[in-house]
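Two complexes, one shared chain (subunit A), two partners (subunit B, subunit C).
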Partner chain A sequence: MTSPPTPRTRPPTGRRAVDAAAPSWWLRHQRALAPYVFISPFYLLYGLFLLVPIGVGLYLSCTEWAGLGTPRWVGLRNYQDLMTDSSFWTSVRNTSLYVVFTMCVVVPAALLIAQALNARGLRGRDMFRLAYFMPVVISPIVVALVFGLIFDNEFGLVNGLLEAAFGFGGVDWLGDPAWARVTVVILVLWRWTGYLTIFFLAGLQNVPKELYEAAAIDGAGPVRRFWEVTLPSLRPVTAFVAVTVLISTAQIFEEPFLLTQGGPGESTLSVAMFIFRAGFQRQQLGYAAAAGVLLFLVVFIFGLLAMRALKVGREQ
Partner chain B sequence: MTVTAAHTEAPRDERRGRVARGRVLLYAFLISLLVVFALPLLWALSSSFKARSDIFSYPPQPLPLPATLENFRGLLDGQPFWSWFLTSTLVAGISTVVSVALCSLAGFAFAKYRFKGKRFLFNLMFSSLAVPFAVIVVPLFTMIAKAHLTTPYFALVVPWVAPAFGIFMMRQYTEQAVPDALLDAGRVDGCTEFALFRRIALPLLRPALGALGVWSFLASYNSLLWPLIVVSAPEDYTLPLGIQALFGATGRQYDLVLAAAVLAAVPSLLVFFLLRRQLLEGLTAGAVKS
Partner chain C sequence: MADLGSVSRRALLRGGTGLGLGLLAAPALAGCGPASSTPVDSGPVDISLWTHDPGYITTFETAVAETALMRGSRFDFGVDITNAAPSDVVTRMIAQAVADGDTPDLAGIVIDQFPRVMVPGIAEHLFTDLTETVEPFGDDLLKLAPYTVDGVPYGLDSDNSITVYYYRQDLFEEHGVPEDIETWEELAEHGERLNVDSRISLGMVATGDNGSIVNGFLQFLLQRGGGVFDEHGEIMLQSAEAVEVLDFMARGVSSGFLLALPDPYGSACAAALKSGRLAATAMPNWYNAYGLQANVPDQAGRWRMRTLPRFSGGGHIASTMGGTAFTVLKGKARSTAALELLRRVYLTREGQLLRYRSGGYLPTLRSLYEDPELRSIEDEFLGQRVFDVYRRATDDLPLFHQDAGMQILTDVLGGPVLDALKGRTSPAAAIEDGLSAYRQQVKR
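Moving on, here comes the complex of A and B:
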C-alpha cells in the first residue's frame, strides 16, 4: 500500500525564513502581508480538511466502494437508490421531527426561561444560569447513560415517580417506537435548552430599558410589550440561535445513537446515523457519501433560506 | 454569587400583593427547572455508589444506602481507565492550546486590518460553519486512513484546530476590546505586526481566550462520533470510546460505567466552573452584537 505524503500544518515558519534572509524586504511589506500570514493556518486546514474532503466526497458518491481496492464508478446510481430506500426516508422523517421539535419547542422554551431569568432584582440569577447550562458541558455518553438509567422501563426513576404520583408507571420509554422518539426529544430538550437560554438572556439584557418604559407609558401590557418590544429587539439573537439550531439539529447523531441506537427498529434513526451506519458498519462508503451530499444540499438550502428570512450576516 | 441591585420602585399597595405572588411563581418555576436539570446528574452520582444489585432497586432509592466504592475499585483495577483519561485530556489540551492561538491570530487579522479579499475570505470562512460534518466524514476518514494518520494525536487534533466559530468569536471580541490607537502607538514604537498581536492584543483578549479555551476543551473532550470512526486500536481509546466499549462489553450493566461516567465528568465540570464567566459571556458576545 502506498501512502501519500503526510499533510502537515506549518503556518508561518516558511515566512520567517524569508524574513531572516531579507529583513528589509519583509519589514517593508510586513504590514501588508501580516493579515494574510495570520489567517493562512486556517485556510491551509480549510483546504486540506474541508475542501478536499468535499471534492473526494462528491467523487465517492458516484462510486461503489467497500473501502478496499479501487472505487467503481456507478454514476448517479447511489442517489437513485437513496430515493427508493425506505430506511433513508425514515431517517429523513425522524430528523425533520427533531428539527421541528427543536425549533418549535426548545427555542421558545429557552426564550421563556431567559425571560424569567431576566426578571428585575432576581436573586441567584448566575446560579440558575449556570445550572441550566451544565447539561451541555457533560459528555454526551455520560448523559445518555444517565438517561438510559432513569428511563429504564422496569426500574427507572421516571417510571418510579410516575407510579408514585399517578399509580401507573409502565411506560416502555426506550422500547416502544413512539415513546423512544419522545425520549430522544426529551433528551434534546434537557441538553440544549439551557445552552440556548444564555444567548437569549444576553440579548434581553441588551434591550434598552427606555423602550419598555415608553411602551408602558403608551399603555402596553406585559404581553404586548413582549411582542412589540422584546421580540423585535431580539431579532439578531433569535436569528443566530435559529440558524445554529437548524444546522446542528439537521446533523443530530449523539442523542439517538447513544440512547436508542436508532431503535427500536429504525424509529429514532437520524440521517447522520444513517450515514454512519452505511459507511462504517456496512462498508458502503459510496452510498454513505451520497447521503452526505444530499444532507449538505438540504442543510445549505434551508440554512440560506433561514438566513435570508432572518437577515443574518448582513453587517451594519 | 452576585445579584444585580434590586430596583424597588415602591409599588403601590394594591399592586404589591400581585407582584409578591408573581415572585413566588417565578422562583417556583426557576427552582423546579433547577431540579429537572440537576436531578439526572445527581441520580447518576448517587447510583455510582450503589452496589450493582441496588442500582435498579424498586422503588428507586435516592441515596446509596449502603454506599460502596466497589464500582470505582472495579473500574480502576480492572479497566484501563487512566489510559483513556490521559488520551482524552492530552488530546483536548493540545487542541485547546493550538486552536486558541490560531483562532485569536486569525480573529485579530479580520478585526484590525484592511486587506484585499477580506470580505470574500471572511465569508468563505463563515460559510464553512454550514458544512455538515456528515458530508466530510466518509472522505476525511478515507484520506486519514490511507495516510496512516489514525493516531489520536493527529486525527483527533489537526483537522479541528481552527474552527470557524472560534475565529468569528475572536474577531467580534477583538473589535470591541483592542483600541486602534494602541496598535498605532505600538507601530510608532517600531513593533512588528506579530509583536503588536502578542504584546498588545493578547493581554486585552484574555477573557475571550478563556472562553474559547473552555469551548475547545469541551468540544474535544466530549467528542464521540469522529473518535468512534477514526480510532480503532483499544489502546488509543479516549474516555467516551472507553466507556462506550465497556458498556457493550459488560452486557449493558451500569455499575462500572456509572463510576467511569462520574469520573469522566470531573474535568469537564472543573474546567467549566473555573472559567464559567468567561465562557458564558464570550459565547454570547458574537451573537448579541447586531
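Moving on, here comes the complex of A and C:
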C-alpha cells in the first residue's frame, strides 16, 4: 500500500482561503476602475491646486479676515463695499485703459514689426529680432530704474531731449496723473511689442508663398496682399495673441508697480495692484479676495467673448 | 517568529513600498509641522532671526560673539538668519503663523510695515508683550510709541532715526547762506534767491510713490508739532499745522527752494547731489550712510549737519522718519532666549554702543547721548562730532504715533499732497480730500 502523494504546498487556510475562494473587491472591479486610477493624478492635482483655491477664494471673499484667527462671515458685504469704493473704480478705469491701449496699439504694432522683419532681403534680421525681444528678458528692476531716470522731471533724458530739440522740457512724466498713465503705456509698448512680434513672425513664416505669388499675378500690390493674404492667413495667430493679451493685460501688475507704484496718488493703480494692496499692505484679505473674484469673472467673460468673436479653436 | 513563507512576493513588495514611502514622507511631514515647543531655558540656542537689512545681520552676529555683552547669560547664543524684503518679513511671518509653521524667534519689522500687525488680532497673538521688559527704563527709552498697540509695546526700535539738516558747507559759504539760520522761513528766502541765481535748492520733497510723498510731509509735520494719529489711534491730521506745513512745502517747490524728486535715494536724487543742484536736505541720521555716502562719497568733508531750523510758528528742532522694530514671537521654545538676546543688544549700554559701531544705529536710550564715548565720536564723512547735534535733537524729539489705518492714510493722502505740492489744489483742500477718502475707506 502506498501513501497518498504529499501536496507540495499546504492548502490555504484562514483569510487566504477566503481570498482564494472569492476574488477580492479590487480584482472584481479592477478592469472598470483602472482607467480612472490612471487619470486620477491629473484630477487630484487639478482639484488640489485649482478647484480648492478657487473655493477658498470664494469663501474668503465673503469674510473679513486680517490673516490670523478665524475669518468672520460677512456675506456679500465686501462686494457691496467694492461697488462704492472709488479706489476700486479708479483701478478698473486704469486697467481698461491699459487693455484698450494694448489691444489697439501694441498688437497692431507687433504685427507690423513682424511684417517688416519677415521682408525678403532684410539685412541684420537676427539683430532686429534680438533688439525687439530684449525688453522681455531684461530684469523688471533694471527696467524700472532706467525708465525712472529717462522720464524724470528734472534730470530725465526725455525732458532733456525735448528741451534741446523744441525748447521745452517741463513734462512731469511721472508726477502728473495723465502723463504717468502715458508713461506706463509707453513701458507696456516697449516691453511687450517684441514678445508678440515673435508669435506673428512664426505665423508669417507659415503663410504659403504661392498665395502671395497668385495675388501678385492677379495684380495685387503690397497693401492689397497684406489685407487679402497676410491678415486672413494670420487669423488663428491673431486670435490667440489677442485673447492672451486681453487676459494678461487685464491682470497687469509689474509695469505700474515698478514705475509709479500706482501713483501719483492712484492714477496708475491697476486692479491687480488694488488686490495686492488690500491683501498684503492692508491685511484686508477678504476684501482682496472679493476683488479677485470680480477680476476673475470679468476676465473670464471678456476672454470667452473674445474667443467666440475671433473663433479661436474652431474650424474655418 | 512570523512565518515568512506565508507572505507572497506581491505582498512583500507592497509592504516594502509602503514602508519606503512612509519613511520618505515622515521627515517631510515633520518639517511641515510646528517646531518643538519645549522651552529652552539655558545652554546653546540658535535664535531664528528674520530681517530685511544686512546691517542687523552684522549687528546680531557681532553681538552673540561679544563676550562682554553676553557675560552672565545662561544661554549660549547663535543666530540663524533669514534675509527678506520688508513686506515679505511680515507676509511670510503671518503665513507661517496661519499654517502653524516655523515663525522666527525675532523679527525685524520696518516701521511702515508695522501697521499691518496693528490690525486687531495680529500683534497680540504673535508677539511677546514687552511692558515688563521696558518698564525699568521709563522715559529713558525712546521710540516705543510707533510700536505700541492698545497701550502694549511689542517692538524695540533699532535706531532713533533723528531728522537733522544736512548741508553743503562750501556752497553755503560761497552763496552767503548763514549756517546757523534760525527758521525755515528765513532759509526759504535764501533758497529762493539761490534757485534764481544758481539753480540750487536747499531741500527736497518726494513726489514719487505715496509712501515717499507722505513720509516727507509727515517729517515736516511732526517737526511743526502736528501728527497723523494720537496715542489712542484717533486721526488728528485735520489741523492748522498740517495745512501750514503743506503750504510751506508747496511754496518751497514753487519757488525752487525745495527740489521735487521722486524719492530721496534714487538716480534722480543722486544726479541732484552730484551736480550740486541739491545743496541741503532734511533727512534722518541714516541718510548720511544710505544717501550721502552712497551717492556722493567724493563730497566727503563738504557736508555738515545741524539741528533743523524751526518753524516760526513753533514746534521742535528735530523730527523723525523711518525705523525698524524687533519683536519677539511668543509661545515658542526659544521665546525666552530671544527676549534675553533682544534685551542684551537693545537695552544695555554695551549693546547700544555695539549697534552704533556695527551699523550706525543711534541709541534709543536717551541717557546714552551724554555718554563720553559717543560724544567723542567724529564722523569721517561729515568731519564733525555728530553726537553734539544728536544730543540737542534728542532733547526735543517729537513723538510719532501710528495706527492700523496708517497704510490706508498713506495711500489716500499721497495723491492730494502731491496735487498741493504741484499747485493743482490748495493745501487745505488736499488735507480735506485725503481725510475724506480715508474716512470712506477705513469705515469699511
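The rule we apply is simple: the second predicted complex is superposed on the first by the 267 of 316 C-alpha atoms of A that agree within 3 Å, B and C clash if a C-alpha of one lies under 4 Å from a C-alpha of the other, contacts with A are read in each partner's own complex, and residues count from 1 in each chain.
Convention: contacts are C-beta pairs under 8 Å (C-beta built on N, C-alpha and C of every residue); 3 or more make two chains touch, one makes a residue touch a chain.
Only a predicted model underlies this, so the values are computations on that prediction, with no experimental measurement involved.
Annotation for the three-chain superposition on subunit A: subunit B and subunit C clash. In the superposition on chain A, the chain among subunit B and subunit C reaching more residues of subunit A is B. Once chain A of one complex is fitted onto chain A of the other, the partner contacts of A:280 extend to both subunit B and subunit C. By the touch criterion stated above, A:145 is placed in contact with subunit B and with subunit C alike. In the superposition on chain A, contact is made by A:155 with both subunit B and subunit C. Look at A:66: by the touch rule set out above, it reaches subunit C but stays clear of subunit B. With both structures placed on the common chain, the touch criterion links A:202 to subunit B but leaves subunit C unconnected. Shared-chain residue A:267: touches subunit C; no touch with subunit B. Residue contacts after overlaying the shared chain place A:175 against subunit C, while subunit B stays out of touching range.
Of the two partner chains placed around the shared chain by superposition, subunit C is the only one that A:87 touches, whereas subunit B remains out of contact. Subunit B runs into subunit C after superposition on chain A, and of the options 7-15, 97-105, 223-231 or 403-411 the stretch responsible is 97-105.
In the superposition on chain A, subunit A positions 67, 145, 148-149, 152, 154-156, 280 are in contact with subunit B in one complex as well as with subunit C in the other.
Those residues of subunit A whose C-beta lies close enough to touch subunit B in the complex are 3-4, 6-7, 9, 11, 27, 30-32, 34-36, 38-39, 41-43, 45-46, 48-50, 52-57, 60, 67, 113, 116-117, 119-135, 137-143, 145-150, 152, 154-157, 160-161, 163-164, 190, 194, 198-199, 201-203, 206, 236-237, 240-241, 247, 250-251, 253-254, 257-258, 271-272, 275-276, 279-280, 285, 288-289, 291-293, 295-296, 299-300, 303, 313.
Across the interface of their complex, subunit A is touched by residues 1-8, 26, 29-30, 33-34, 36-38, 40-41, 43-44, 47, 55-60, 102-103, 105-106, 108-110, 113, 115, 118, 121, 124-126, 128-143, 146-149, 158-162, 164, 167, 187, 192-194, 197, 218, 221-222, 224-225, 229, 239-240, 243-244, 247, 254, 257-258, 261, 264-265, 268-269, 272, 276, 280-281, 283-284, 286-290 of subunit B. The touching residues of subunit A, counted against subunit C in their complex, run 16, 66-69, 81, 85-87, 145, 148-149, 152-156, 172, 174-177, 260-267, 277, 280-284, 287.
Against subunit A, in their complex, subunit C makes its touches with residues 6, 87, 91, 94-95, 97-98, 116, 119-122, 125-126, 207-211, 213, 259-262, 266-268, 271-272, 277, 407-408, 411-412, 414-416, 418-419, 422, 437, 440-441, 444.
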